[in-house]
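For clarity, chains are labelled A, B, C and D in written order, and residue numbers in each chain start from 1.
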Amino acid sequence: MKKFVFSTIAILFLISAGRVTAGDISVGSVTPLTGKLAVYGEGFQQAMLLAADEINAAGGIKGNSFKIVFEDNNSTSKGSVSAIRKLITIDKLPLIFGPASSSNFLAVCPIAEDNKIVLLAAESAAASISKCGSYVFRVFPSDLLQGVGVAELTKSLGYKEVVLTYVNNDWGVGLAEVFKTEFTAAGGKIIDELPHAEGKTDYRSEILRMKSQHPKAIVNLTYIKEGATILKQAYEMGLKVQWLMGSASKSAKLIDLAGKASEGVIGTYPTFSQETPQYKSFKAAWEKKYPGKKTPVFGEYNYDMVKLTALALESASSNSSDDIREALLKVSKGYIGTTGDKSFDENGDVNASYGQWTIKDGKISDYK
Amino acid sequence: MDYLYHILIIALIYSIFAQSLNLELGFTGLYNFGHIAFFGIGAYASALLSLSGVPIPVAALIAIGLAGIAGAFLALPTLRLSGDYFGIATLVFAEMVHLLFLNERDITRGPMGLPNIPRPDWIGTGVTSLPLLLAVVFFAAAVTFILLRIITNSPFGRSLKVIREDEFVAQALGKNTFLIKTKAIVTGSAFAGLAGVLWAHYITYISPSDFTLQETILVLLCIVLGGKGTHWGPVIGAFSIIFFAEFIRFIPIPSEYTRFVAPLQGMIYGFILVIMMLKRPQGLISESRGQRTTNA
Amino acid sequence: MTGYYTQLIVNGIVAGSIYALFAVGLAMVYGVFKFINFSHGELITWGGYLALMFSSPPIALPLYLAVIPALLLTVGIGLAQDCFVFRPLRQSNPISILIASIGLSYLLRNGIRLFWGSDLQSFNLPLSTGIIFGDIYITRIQILMVLSALLFFSILYFLLTRTLLGKSLRAVSDNIELSSIMGINMRKVTWTIWILASVFAGSGGILLALDTSLDPMMGMNSLIKAFAAVLLGGAGNIWGALVGGLFIGITENLSVAFISPDYKDFISYGLIFILLLIKPRGFFGIAGGVR
Amino acid sequence: MLLKLDGITAGYGREPVLTDISMHVEQGEIICIIGPNGAGKSTALRTIAGQLIPTRGEVRFKEKNISAMSIAQRGERGLVFIPQGMNIFPNLTIIENLEVAGTLLNDKHKLSHAIKEVLEKYPVLNKKQHSFARELSGGERQLLALSRSILLKPDLVLLDEPSLGLAPIVVDMIFDQIIEIGKSGSSVLLVEQNARKGLSISHRGYVLELGRNRLTGTGQELLESDEVRQLYLGG
């Protein structure tokens, strides 16, 4: 028994040695490469790698090559905790990119804070992340902003009464709460409110219940898969309403899955102009590195996160996390990435403006 | 070093969890496939109580008690069922508990989970807390081990084994098998609750997705692999499985293949379960050997 | 408003007829071999995914043809389950068989994840609004589902009551020892049971996948529903499974009108719980008592 | 000689239930095995039927060693076993029971003839042919079980406790049927708790005690034997 434990530990350390070569400047990343979020994780990873390649092509950081050590978190909070502990202790990295999904991110927050490790998020939106601590930053706007955005969109389209449905997880519930407060405060009425479970294949009962309220518009805060399934089944069941959605379902994949049922959907998204030189160069670089692949959901944010990190590492006076933290705050001021202004406020949050998207003729376009 | 502490803590918590299921499954022959529910009840109860200001030791004790009571709640109606029906009933029970965690949002915050679960002041939250935490968890695991060993070696423990071998014989010997089985489930659930309490205050964040069928299968695997109905079996099983899972991290796998890791791991776990049943149903250490260690 | 309830009931009938298809195999295996096969759910999932594989590139058979090799392979998996796991374990204690079936289910489910990933998949069928009867919408696939269930049940009924093989099967589920004394060919009956269980589960899986989409957990979720159906209707009668399935389907769909859809699954789980309490001896084989 | 047991030792676990049992059955005979509870009567029958493989000794049927054959193989050779208690399929109809019972015939045409014969012989069954067997009375069930001997026309019928749980008047009817079976050309080897009744219709009998041969003789001899009288017939 003892022997077994010790030999296992010995093997663990033997293998781990030499993963971070001298002369590299490395940061860690807890990424969902397996499990239910793996669909997204792959895209995040590709976007981050794209940024890393560019940094290295431009001479690396202070003459050293830049490297990201990826750790899988199995899309679970347990896996995230294990992964970040490993990155902190074994790889001794001062800066780590946190896991996607707010619940997993919230699980690692205290660990980063305790260990004084800089933690960055590129796609975790929960409002409570703002309160995580001084070492936690995110380049993605908080739900607070997005919830307000959807409420404003609904009002601006003239809908006074809506049915609200949302995916029953941390993200969906958080967003729905903000929307509800905003919308009702502005005199709107929510006729019926129903969460839908994540990852189901049959939402007909839920749709029927929405349909029974005869709404003119339904606010559906959900993901791609769930969104597509709902749109499809609603179409089959003859439910004709104006669908209002959030940013997480804004994807070409939604159109692939739902086909003509997705036609006419209007949604909001934290906008950034696709006309900026930053975005154009990102787009070009992406198409060069991953020809034929669509840019992934939140890919731009991951890309910006890595780029911003490199800048901070370059200007930091040492490789300690405190110095990096200082540098990060400094370089972010006025930094314009592909996704716009990334200046961190005192909570480590960024501001964003919200745009509106719609699906027309099988294509995502801006709604005007 | 704290990565190692972390793995040891997790392995010890799982060993407590596995031992608690072993009492039911290994020693008494009750196929409880919903054991994760009690782990979850312990975790949620302790987290919610301590978040609302109850001192942590008190919260923990109440949580363990609640898990035990929930065990009784499950046992009373379902114990009359024969083996596989009991299995289904427990599985369904766990799914129902999971749905409650997920949807009783006013209490559990639903899928948002419970962040910032406190730890006792003397343990603290920083890196320095890890050795202390390890000591606490080790102490809990040792207490569990010793208590369960005392229980299973007592006359009560022997009754459990008689029930496992032949319930009718046990009844013929004048034993109140229903009461004995209920006690076994309540004890097992309380220890699962203990594991859950430790988990909640260690990770400091829990959400419903931590308590699913997947975890039940993992802990079932720990027991079957180590040797059900033995004292060391679940401990060895838990350490093997947790270390194996962490070990995989260190295998350099090109990123385009990482998506195959988790399914392969799952297939290996499933395969081990099947092969163990076919070739070595008693597990790595068999019950008689376990007995010898006991007497030594 | 009545349209709302009628629509819920129609949806319940559709869901229920599929649950019933799953229930039959589960109950038949239980009836003869006396164990609950947790990996029955994986036959459902594999049926669906295999049909997807044969109907998409590079094989790209038309769907109605793709069903054939898909079902054949599902039957292969079913027979392999028996051959490599359950037959060697037939004399072991029940807990070993149960754990083995859980292990097998986990193995097969992760096999799906390995080959097809955890992501939702779907047959990209052309989308169309359902056929409208009054204010009830029903899609062609849904009609197909109900009709297939009826067809399968009729075939099963014919088999069990009109053929010697079917009667032998019922005899075996009644009394396995007496059957061997009578000289019934056990191997033939065993094969028949696994083939029937696999075909029913596989076809149900394909239909379910056509109607909605595929994900690796679909089998496990349906298995619990099927179990509820068997418990409810299982007076040892195939019609019991059908009625049980329909009841579960309708109840859980109707429940959405009154409680949060999140608790939809809670209904069938709760029903299992209550049913087990009412009849703790559970159900008998599906094959007995058909006339 | 139709059946011959030679020094049979058999049992379920390590301890043998039968030790060195020998007996034989001739063509056309009705033979009854009696003995107290636990004497090994049913075990002996199961060993002959093929449910148990003897650890020592031989079962010879029609001059051939059948010890290693399966029940079905023995059945095809003309050795039919009708067990005690649950010897019909309650959830099958009468007709279906007969069809399944005739599995060993392996011939549809012959089977339908044989079934017709049974139904003619037992009008009670004919009347209820489409009812489930679970709806039959105890005596009717026993008749249904016995009808296998008519269906298969075996050389030897092994009957385990045919009178079990039946009312006395029904028992008489069943024993009349057993005599009929004997007359129709099948030999019968039966195990019977009701020793007086069993021996009264038998040509010969064997008395077992603690798994060993104790006595043997003609039915009449045994009925009159003081030992048997004292032991099993209540003085």
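Here is the rule we use: a residue touches a chain if its C-beta (ideal position, glycine included) is under 8 Å from a C-beta of that chain, and two chains touch if they have at least 3 such contacts.
Bear in mind the structure is a predicted one, so any value in this text is a computation, not a measurement.
Least step count on the touch graph, subunit A to subunit D: 2. Note: the chain lying farthest from subunit B is D, by mean C-alpha position.
Set side by side, the interfaces C-D and A-C show unequal numbers of C-beta pairs in contact, with more at A-C.
Central chain by Cα centroid: C, whose mean Cα position is closest to the mean of all protein Cα atoms. Taking each chain's centre as the mean of its C-alpha atoms, subunit B lies 54 Å from subunit D. Separating the CA-averaged centres of subunit C and subunit D is a span of 42 Å.
Inter-chain centre distance (subunit A to subunit C, centres taken as mean C-alpha positions): 38 Å. Centres computed as Cα averages put subunit A at a distance of 33 Å from subunit B.
In subunit C, 117-118, 260, 262 are the positions where the chain touches two or more neighbouring chains simultaneously. Across the assembly, subunit D contributes no residue that touches 2 or more other chains. Shown for subunit B are the residues that touch two or more other chains, namely 102-103, 259, 262-263.
If you sketch which chains touch which, the pattern fits none of the simple shapes: not an open path, not a single ring, not a star, and not all-to-all.
Contact between chains, using the touch rule, shows up for A-B, A-C, B-C, C-D.
For subunit B in complex with subunit C, the residues that touch the partner chain are 25, 29, 31, 33, 77-78, 80-85, 87-89, 91-93, 95-96, 99, 102-103, 213, 217, 220, 224, 259-260, 262-267, 269-274, 276-278, 281.
Listing the residues of subunit C that touch subunit A in their complex gives 1, 4, 7-8, 11, 15, 117-120, 122, 124, 127-130, 132, 137, 139, 208, 211-215, 217-218, 252-253, 256-257, 260-262, 264.
Residue ranges of subunit D in contact with subunit C, taken from their complex: 49, 51, 71-72, 75-76, 81, 83, 86-93, 96, 99-101, 103-104, 130, 132, 148. Within the complex formed with subunit C, the subunit A residues making contact are 35-36, 38-39, 168, 194-197, 199, 201-202, 204-206, 208-209, 211-212, 225, 229, 232-233, 235-238, 257-261. Listing the residues of subunit C that touch subunit D in their complex gives 164, 167-168, 170-171, 174-175, 177-185, 236, 287-289, 291.
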